[in-house]
Each structure stands twice: as C-alpha cells, then as structure tokens.
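Before I ask anything, here is the structure I am working with.
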C-alpha cells in the first residue's frame, strides 16, 4: 500500500532567489560591516591602506581572530570560555619559565605547554558537564585561578612578573619561523600568524559545515536534550570544543611569545571578552546553536581594523573605548539590518 | 490479527519498573513487554507516567526500581546512545529536534551519511537532502525547502519529521510518544499505516496515544497506566475498544458528556 | 599598636627579637611590574630584619581604603601606604594614625603625607619622575613625543606623562595600549608611528611595553628615540645595544625596603627616621654607561 | 443546536486576511467570523495555517493583508494585551506558560489578584492558589502541589492549566488552538463540555482541532483551511461529519487505510 | 452538569516536609556557603571577628551587594547589564565634575547624575527591546562608551584622571550623612551603605515575591513570548529593570564618592562581573527566570567575606585571584549540592 502524495508546489513561497540563500548565512552582516569599516578608514586616514598599515591591522586582527574562531565554535556549541584570554598568558609563561629558568629544551617546553592547556580545557569541560553548572561561571573560576597562578608562580620562580631573555634560549630562532616570522607577499610584510588565522578559519568552517562533529556542534548548542536523545555524544563534543579553545589559546600564546619574545604575568587578562565580541559581531548567537567560523574571523577583522584605524585617524586616544563601543554597536546593528533585509528571523 | 497463542520472544521487557523525579513517584511497579512484530499500546490519563515509561525504554532517564531487559539481557541505559545502538529508535513527545538546524540535518542528526574516508570524510549533504525530502513526501508532507530551520515548521510538520526519522532508522524497536496528537487526519492515518508496516516487517513497536480509535486498530497488547501504576497489560482478545475507552476515561461519564455537548 | 603576644626574643643575633608586623597597602594592581619590585623590597626587608610583612594593593581608592582598614583591624606595628589619590585614602590613613599606628607613605602623595599624620614619605612622585624623563629627552633634542599609557586611566601613569610633557618642551601625545596584550600594543605603537611620521621619541612606562615599542619602531621603519620607565634585563640589554636611550629608575626596591626597615627600627629601637622630611628614593637613570651593572640586579627582580 | 436562520452579530470577523513570514505565505484570503454564543471550528491539515489564523485573532502577530474587525471596529492588534483587553482569551498551541514558575503564578500571570492599595498593594497568593486548585480540579486534574514549577507537569497537565486559565478569564471570546491534542479521553471530554458551556454563556469560541469527532459535536460553523487558503466556511447544516472528515483528509484513502491497518 | 472529580491524594509524593519547601528556595545554597566561609575565616584568622574586622567585610559586601541585588533582578528578568560597573564611576564623576569644576549645587548635581543614569538605563532597555540584540552585547557597548567618556571627559574638564577637592563642596557634609556616614551599633562601626544594602534587599525581595511587577519579572525572564501572549507588558518590565540597575549604579557611585570623597575615571571598570558572580553564587540562573534578591545579597556577602578574609589571613596577595577563583567554584558547588539534596532540579 502506498499513500499517494502530490508534492506539487503552491504559490506559498513568495520568492527564492539563490542569492538570498547566500544572504542568509550568519556571516553576511559581518561582511557588510567589515567592508564599511574598511572603506571608512581607507578613505579618512592616510596610513590605513599603505602596505605597512595593512600588515599592522591584519596582524592585530589575526591574533584576535584565531581565538575568536575557536571561541565561536565553542559558543555555537552552547558554551563560553572566559579562561581563553588568561590561557594565552599561561602557556607563554610556562614556555618562558621552563626554558629560561630551568633550561628545558624549547620543543619539549612547547609540547608541555600545549599539554597543560589541553588538560585545563578538558578540566573545564569535565566540570561543566559533570556538575551542570553554567560554563560562564566555571570558566570564570578557571580564569581567576589561572590569573592568580600566572602571577604567583611566575613571581615565585623568576622573582619578577615577566619573562626575560627568551631570545637567548637555544632554538628560539627556529621556533620563531613557525610562530613569530614574517614574509613579504606583494609588498606586504605578512606575519605568520595571519597564515595560521586563515588556515584555522578555513579548517573550522570545513569541520562545522561538512563533517559529522560539526553537525553535532550545532546540535549540542541548539538543543542539548534533543541532541542527547538522538544519540549525539554530547560529552565528547563539548570536551573537544573546550580543548580546541584551550589549544587555540596555546597557539596565540606562542605567537605572542615569539613575536615580542617576552611575556608578562598579566598577559591575556581581559581579552576573553574581545573574543566573544568578535564572535557575536560575526553572527554567532550567545545562546548557542547558530553562527559561523568565517563570521568570527570577520568579527576579528572588524575589531582589528577599528582598533588600528582609530590610531591611524589620530583621534584623541582617551576616547578609544568610547569609539570602540560605538563601533561595536554599529557593527551589530548593520549585521541585524542586513539579516532582516535577507528575510531572516533574528 | 488475533494474538497468536504463543507470544513472540520479547525484545524489550520491564519488570516492576519504577522511576522517581525527586519527590515525585512518576512510575512504580509496572511490568510489560514487546516482542518482534508486536505493537504495545500504552494508554493512560494525563500524567499517568506514559512518557516516563518510554523514556526509560529509550535510555533518556535511567529507571530507579525494577529491571529492564533488552534482547534478553538486563540493562540500565544511562544514555540514549546505548538504546539507539541496540536498534531502539524513539519519537519523543517533545520531538527531540534542534530548532535552529535545517530539516535535513535534523533528520540525520547522530546518524549522518558521509562520503570519503580518513580526514576527507565529509557529510554527504546531497544524499541526505534527497532522502529527507523523499521520506517526508512519503508521509504526505511536501516541504518547500529542507534547508529551512525546523523551528519554522508547523507543529505537525515537525512531528512528521521526527516520526519519519524514527521509522527510517528504527532497526528493531520503534517507540512513539503520542505521535499522532498534533497530526491532521491524513497524517495520522499515514502514521498508523507506518506502525502497521513496521510491525509487519517484524519490528517491535511501542505506541503511546490518548486516542482509542488510533490505538485499537494497530495494537496487539494494551498497557493501561493510572497515576504511575499499571491497571493491567491486556491482549487485544481480552478487551474491547469500549471497555478500553471506559477504563481510560475512568468511568461512564462519557455517555452523559456526549449528550451534554449537544444541549444548548 | 603592639600585639605583644610573642615571647620576646626570637633570634638572639638581632638587636631586638621582638616580633614586628608591618602592613603595606599600595595602589598597585597585582602583577604590575613596578609594584611587584616594591613588594619584593618590602618582603626582603621583612626577611632581613625578622619582621612579618603583608602586602596588598588595589587601584580603586574605595577598595584601597578597605584594605587599609582591614590592615588596621589586624593591629600591625606599622603601616605603609602609597597615595596616588590622597583624598581617597585620607579617612583610612587618619584612622590608622588615630589608632596609634605609625604610618609611612611611599611613592606618591608627598604633598599630603604630613597633613594626614604620616611620619615620613619615601620615594618620588610620579610627576617628578616624569619631569626627569622629560628633561633627559629634551637633552636628546626631540620634538614630537608619544607617551604610551598601558593602563587606561591609571593616575600614576598619567602623572608620568604629564611630568614629561612639563619639561620636554615638545609636543607630547598619549597613546593607550593594553598591557595584557603586548603583541597588539606593539601594533598600536606601530600604527601611531605610521600615522604620524614626525614622531621622533617614544616614552613607555613599563618594561614589557618598552620591548614591544622597540620592535614597533623597527617595523615601522622609524628612527624614533626610545626611553622607558623601569628596568628589566631586556631593557638593560636594549640600552646596551643602543636601541634605547635611557630608562628612568625610580628604584622601587628601596621604596619597599626602606619604610619597612624604618618602621622596624622604630618598633625595636624607638628611632623615628627622616625627621619629618621626605626621603627620595630616586631619581636614577639607567643609560649606556651604567646599564651593565644594573643588569645583574634587574635579573634578580630587584631593580 | 441547528444554526439559527439569522446568525448572531459577529464579535470577531476577518475579511480576506493574510499573513506572510518572510518568504513564506502562511495564510491568504481567508474570511470568517464568530458571533456571541457561537463555536467556530477551524480545521485543516498540518501547516494549513490554523495557528497563524488564531495568532492574528489573538494579537500575537499582526496580519499583513485584509481586515480584522473586533466588536464591529477595524483593528490591527500589535500586542496580545490589546486583544486581551477586549476580552479575547487564547490558549496557544505552545501553551504560553513559563516553565520555571509555579502553577498558580502561571494561572494568573498578567491578571494577578491583589490585596491592599497604594504601595502596599500586593499579591493575594492564598486566593490565587485556592482558585487555581479549584479550577484545575473542575477539569479533572488534581495537582499535588500548585507551587511546583509548571515545567514539571506532564504535557496534558500543562495543557489543562492553559485551558482552565483561558476559560476562567475569557470574557467575550475564547480561542483554543488544538486544546485536546495532548489530552486524555477524560480531559478531552471535559474540555469539550467547557466549550459547550462557554458557548451557552454567550461567549464566542474559536476552536482548532484535527479530530472531527471533537469538532463536530460542539461546532456551529466550520472553517476549512488548506495550504494557507480557505476551502470554505460551512454552517453545521451544510456539512456532515463524514464530508468534513473527507475534506480534511484530502480524499477517500481513509477507508482503505482502516483496512490496511488490520491486515498483517 | 459537573464532572465529578476525586481529588484524593495517592502515594506518589514520597515526602513533603515543610522544611523541604524552604530548602528549595534559590538562596539556600548560598546561605550554606556563606556560613561555611564565615566559619572558616572566623576560625583561621584573628581579625575577622573583631568589630573592626566585621565592619570592614560588611562594608565591602554592601557595595557589591547593592549592585548584585539590582543585577539579580535584571538577570531574573532575562537580561544582563555590563555597564553597571562603569555606571558607578560615571555618576560619581558627574557629581564630582559639576560641583568641583562648575560649582553647581550639590543637591542639583545628585539629581542630575541620577537623571543621567536613569536615561542611560532607559537607552539600554530601548536598544535591547527595539532591536532584539542580546543585552550582553548592547550593554557591553554601553560599557565601552561609558568607560571612554569617563576617562576623556574627566581629563578634558579637570585635566587629571581623578576628582579632587570634593569635601570642600558646600553641602558635602550633609550629603555624607546619607551616603558616607557610619554609626555605632553594638560596638560595630556600621557604614550607612550597609543599611541601604539591607533595605534594598528587603524591598527587592518583597517586590519580586509579593507584587505583580515582581511576578512579571520572573515571567519575562523565563519565557518572554509566553509572557507577552498572556498580556504582560514586557517592554515596561524590562525598562523598569534596566532603570533599576542604573539607579543602583548611581547609589553605589554616591556611596563611594561620599565615602572617600574622590572618584577616579576608572572607577567601576571590571566590577560588572563581580555583580553577576554574586547573583549566580546566590542562585540566579544565567538564563533568566529564576533566582532571588536575598540570594544575590548572600552572594555579595560571600564575596566580601572572601575578599577581606584573604587579607586577614595574610595570604600572599599574588594568589588572591586564584583563591577567589577556588572559592567561587566551591561556593557554586556547595550551592549545587545543597539544591540537589533538597531534591530540586538544577
């Protein structure tokens, strides 16, 4: 027996231009905002479009961007990681302390720092999942603990609150190739972190949209009970996300360490919100289940351009935060407008 | 259609099972079973514990008393995954869909089709889209766009997706919690025919409904719950539709009611 | 203020083994490089002299006052306070004085120290230090200076820049960066240099930022003169390499060490040092000439 | 019970009304009305636009085409408050309850009872608790504790609370979106008798259901929707229950289906 | 016709001790945690229980507590206000600038600052409600804008980053009676802010549990569509909540200003999270719809006791943040445990 079905389409769909489907991607608003900010500063400042200028704001954006992409994945998966900023400091300090003070091999130190970061990420995931406490609170506690340990341990071991003499460590120059070098492309001095940023954004996008784990990330963020009920391994997915964020923290920690060849105990404190801002400007929902990696990368680009653009424009620096606030508001409003135009439900 | 004198070997069986949510005893001392090619209807008032019963079978909540046997072995499901892996597919009353995700991603969630291997293993989106469209069309739902978020579908459309999914994936047992409640006459008919077909293919079906007219035609056994306790587990031969309705309604007031409605 | 619980003599060698507890409450936030050295100095003095030293800090006057009051509640033998915002801690300091706790002010707040009843002031106000840096830069003949503030709204940093602007005789503009993100601080300084090529001097107020600034100057292809506040191993190296003109050394270590020893002496020996006049801990400049000898101290975290 | 030759003055009336969600036309060109003491049943497939229709009447969404007349005056509700203030109470398909709040607070939400005056005006919790308990008991729901969060009730219990609330507050019109779908036989009967009683008290009732057996006994007029369009607005005298069922099911396959289910 | 109903109770309820009902209040976990921390520090430090010690931590808690209670109301109503911390600075600076620099009458200045605060609160509410953007982002932008303006305007007008000479303003002493005085109670020096704190907590509790607007706060936070559908004036409720938070910011700004008779441009920055922490430790859900004012007050008490207790315990202040993080985690875990014991669903 078969139930006969007429699947003819009625006139209930007003229009369905393929462009519109594209316009409904989460990152479209951020793209428009990024273009607007780009044009604005290109037009109103001298240095913004010079090769040196471009490489400055690209570099600035890349450091925020790597973390923003990881944090965006986590946010799509329904969680926050407020310890992400401090983590960049922790990993840098670990490498700094064990190499400059205890003479450990640099490669070993890098692996050690990564291992510690991943362990902390796993611990975050574990506490969040086993207790059911909101990750906002759990990772806030982690943040405080890392912040305290960064300071106290560094002081205890080195006697001061910053790592000195990093560039005298054997192997520093080799490691710098991966983390702190730059190379010319079309007249631009491109820092290697920009390569990392683009590569990670591409990878994250692929994973999110084209793989099973990516599908699960949306599911656990959108409706965790439903995801569990259809058999998604919720714990594993969240564990992976927290560890990814921690791993990204390690990467950024290394990029900073090898760029300025010093790291301070306060490194990264307060940056965690910038990552969240980038992700949200890029179209991620704070409540989870919706967003994109490219969007977060664009959010970071907006932030980096605004941050450096304000300096290029030579506006009174005391107003910096006020300008940033205004731009944040503007970016999310443009984002909203574009999405509404595209007929999305916000 | 009359129950065979020897019942099939039970696939899922519970004995004196019970569950408490904090201070509330939602279920206690219930025993029942379902075999291959059998439909077990669970009937009962609101709050009788039907959803709780099937959540135990589906692995959504572990039971707090009694024993649960799946394929002859004692189990205590801690995670729906465990039940799913045994071939037990469930449609929950609250549907278990992710509102913001496209219909096709919801359909295949947790059992995605992939192409390629190793690091290149990726979702086979085209095939999943096509399958989703096809399976829904078979239920009489023609979606304009399987890419729209499932949250924008009407209640009944959403239910149809959940049912189509469970039937598509249900390997040994399909559990349905009030699948027809939000459905139109046509769709409800389709669901009932699905149940009959699943049964005929040798699957065990656990079917919860408030509508005796939906339950009686397809059911082989009827488990009646009231306030968390079992009123009995009847074979179809042991009970008529009117007795069943009367038991469910808790008395004979129904007749009076029918008259009442017409009076002005 | 005397707890007087002890048995008297702890270690026979010291002039008087009487237990002494001294509380230090500054306006430095935890992790601030400058205040960390002050803390080290105070703690070292405590170890050397057998006194118990506690250190707390918060940049918000309300919170600093609360910390001072908490310290008063523990009834110490001496209190050391830095006064970035003298009005803000006035109540708490006067409370300590009223409770008979000898108070010494350090770093900033020289003008009000006496008025509030402190015995003496040790250190050098940020403004004066800034003036010193300004004079040095003026000698180098600079005309357009940026002063890099690494913590927005920090009054001590603002004072340093204001002091420099007071004496340098050139345009001084402040640039805000975030000390928690040195790599990006470097970007901001670089952007500033790119935006205004006439900038010929960069004054940083912190050692990490100084390192970042030196890279920014390189990357921007600028020839700006670099100077900084505070000293670290990296900074002395930069000075020796010629990448930096000088570092202002306020000698924070002694700003921590001296008051603790003063108060310990007072408790054990009745000495009131300073005679009511301030003791200047600075000014010191680290330049190419003396950088090598300072470097060894800086590595110990005591400069 | 037969429709009077002269219909009562309509309280609520729509003419050629329509509504689009972004690119989706959920409803277009629908006209209908309900008068005092009349029951308008809205029937239709899943996704036909029934919920959209009542959301317009209830003020949850403004309509995008056509006109809406309430008590003779043209209106465009921008907020449910406006409809409520006119005495139009609604039970939404998704119930409009706040899961974390106690049952009694949900019952009176937006229309809380108070004691005292001026700054001392405060909630009359005791009276609200008692009323809630009583009104629910009248529907056959005996709650152990009206202080428990409504989210912990079973689906049907929650629905009963929403219905009891609408009936209690409905001043002129009561709108019910599939109120019986999650209900047990007994509770469904109670709801139907409520509808009849509201009608007898002179209220207008708009009643959405998939169950022709629920609709036919109480309905005076039947609005049939299909894919967002009206198939017609029939008086009871113009249509039989079988015709109606056939129209709703979209054909005569239903008979075949009934047989299908029994075959094994 | 009546449907006969038998409302007899079955044995489905395991137990229902009246104490248990009490134990299910949101604040119970916080109470247990507060008692634990109190005992801990009373036991392990000398100064904690002395009159001077008690008044120190009570005062510290009261400043956090006033804001925490307001922020808790807002959180129960489903929104965040990240500008709450900076608002305490803004209001203080307004009063400071207009009185010391422009010689405005102090009473007028107080009213002016309050009006500005309420206007900013209303603006927050307006943007959040009209655009549908998450309040987390909107108020983050407000926070940046306030932070920037605080700094830039103060510098512009006064030439420095702090207000000096407040206590020379006519009327200062009179106003100090309301905002900065203290009086002895049983040997304790009780600051007037503690009175404000207790009064506001009581008022907020009464409003939340005993009035219609309070009922609506729970509703809009728990399920805003449902609330709207049953006719709750959602906009008015949220407007009221944002303005309450802003008003509390004003109050705390005044309490700080009149206590230390100075205010800095950075005042309040970073405090916004402490308020949220207090509210969450006190049992509020981050997702809204659940919590209590007393809980938030207890959360602030815990925070204040921990902050000062660590000072009394003379632990190295480099570890301060790590201790705070540990205590935060401990407090929420105790909270969770107590609630689980009481048979609540978390």
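In this document, chain identifiers A, B, C, D and E correspond to the written order of the chains, with residue numbering beginning at 1 in each.
The rule is short, and it goes like this: a contact is a pair of C-beta atoms (placed from the backbone, for glycine too) under 8 Å apart; a residue touches a chain by one contact, two chains touch by 3 or more.
These figures come from a predicted structure and were not determined experimentally.
**Student:** Going by the stated contact rule, which chains contact chain A and chain D alike?
**Tutor:** Looking at chain D and chain A together, the chains touching each of them are B, E.
**Student:** Taking each chain's centre as the mean of its CA atoms, which one is most distant from chain E?
**Tutor:** Most remote chain from chain E, centroid-wise, comes out as B.
**Student:** From the centre of chain D, which chain's CA centre is farthest?
**Tutor:** Greatest centre separation from chain D goes to chain C.
**Student:** Measure off the straight-line distance from the CA centroid of chain D to the CA centroid of chain E, and report it in whole Å.
**Tutor:** Spacing between the chain centres: roughly 42 Å.
**Student:** So how far apart, in whole Å, are chain A and chain C when each is placed at the average of its C-alpha atoms?
**Tutor:** So the centre of chain A lies 35 Å away from the centre of chain C.
**Student:** Taking each chain's centre as the mean position of its Cα atoms, how many Å separate chain C from chain D?
**Tutor:** Inter-chain centre distance comes to 73 Å.
**Student:** Scan chain D for residues touching two or more other chains and write them down.
**Tutor:** 21, 24, 94, 144, 152, 189, 193, 253, 257, 260
**Student:** Would you give the residues of chain E that are in contact with at least 2 other chains, written as numbers and ranges?
**Tutor:** 1, 3, 12-13, 16, 147, 151, 155, 285, 316, 318, 320-321, 345
**Student:** Using the touch rule from the top of the page, what residues of chain C touch 2 or more other chains?
**Tutor:** In chain C, residues 30-31, 152 touch at least two other chains, as defined above.
**Student:** Once bound in the complex, which stretches of chain C touch chain A?
**Tutor:** Going by the criterion above, the answer is residues 30-33, 36-37, 40, 149, 152, 173-176, 178-184, 186-188, 190-192, 194-196, 207-208, 211-212, 215, 219-221, 232-234, 298-302.
**Student:** Which of the residues in chain A end up touching chain C in this complex?
**Tutor:** Listed in rising order, the residues of chain A that touch chain C are 45-47, 50, 52-53, 56-57, 59-60, 63-64, 85, 89, 150-151, 155, 158-162, 164-165, 189, 255-256, 259-271, 307-308, 311-314, 317-318, 320-321.
**Student:** Which of the residues in chain D end up touching chain B in this complex?
**Tutor:** So the residues of chain D in touch with chain B come to 1, 21, 24, 44-48, 51, 93-94, 141, 144, 152-157, 159-160, 178, 181-189, 192-193, 196, 199-200, 210-213, 217-218, 245, 248-250, 253-254, 257-258, 260-264.
**Student:** Contact residues on chain A for chain E in the complex?
**Tutor:** 127, 131-134, 136-138, 140-149, 151-152, 155, 270, 273, 277, 280, 285-287, 316, 318-326, 328-329, 332-333, 336, 346
**Student:** Enumerate the contact residues on chain C facing chain E in the complex.
**Tutor:** Result: residues 30-31, 52, 54-57, 59-62, 65-67, 69-75, 85, 87-91, 152-155, 158, 162 of chain C touch chain E.
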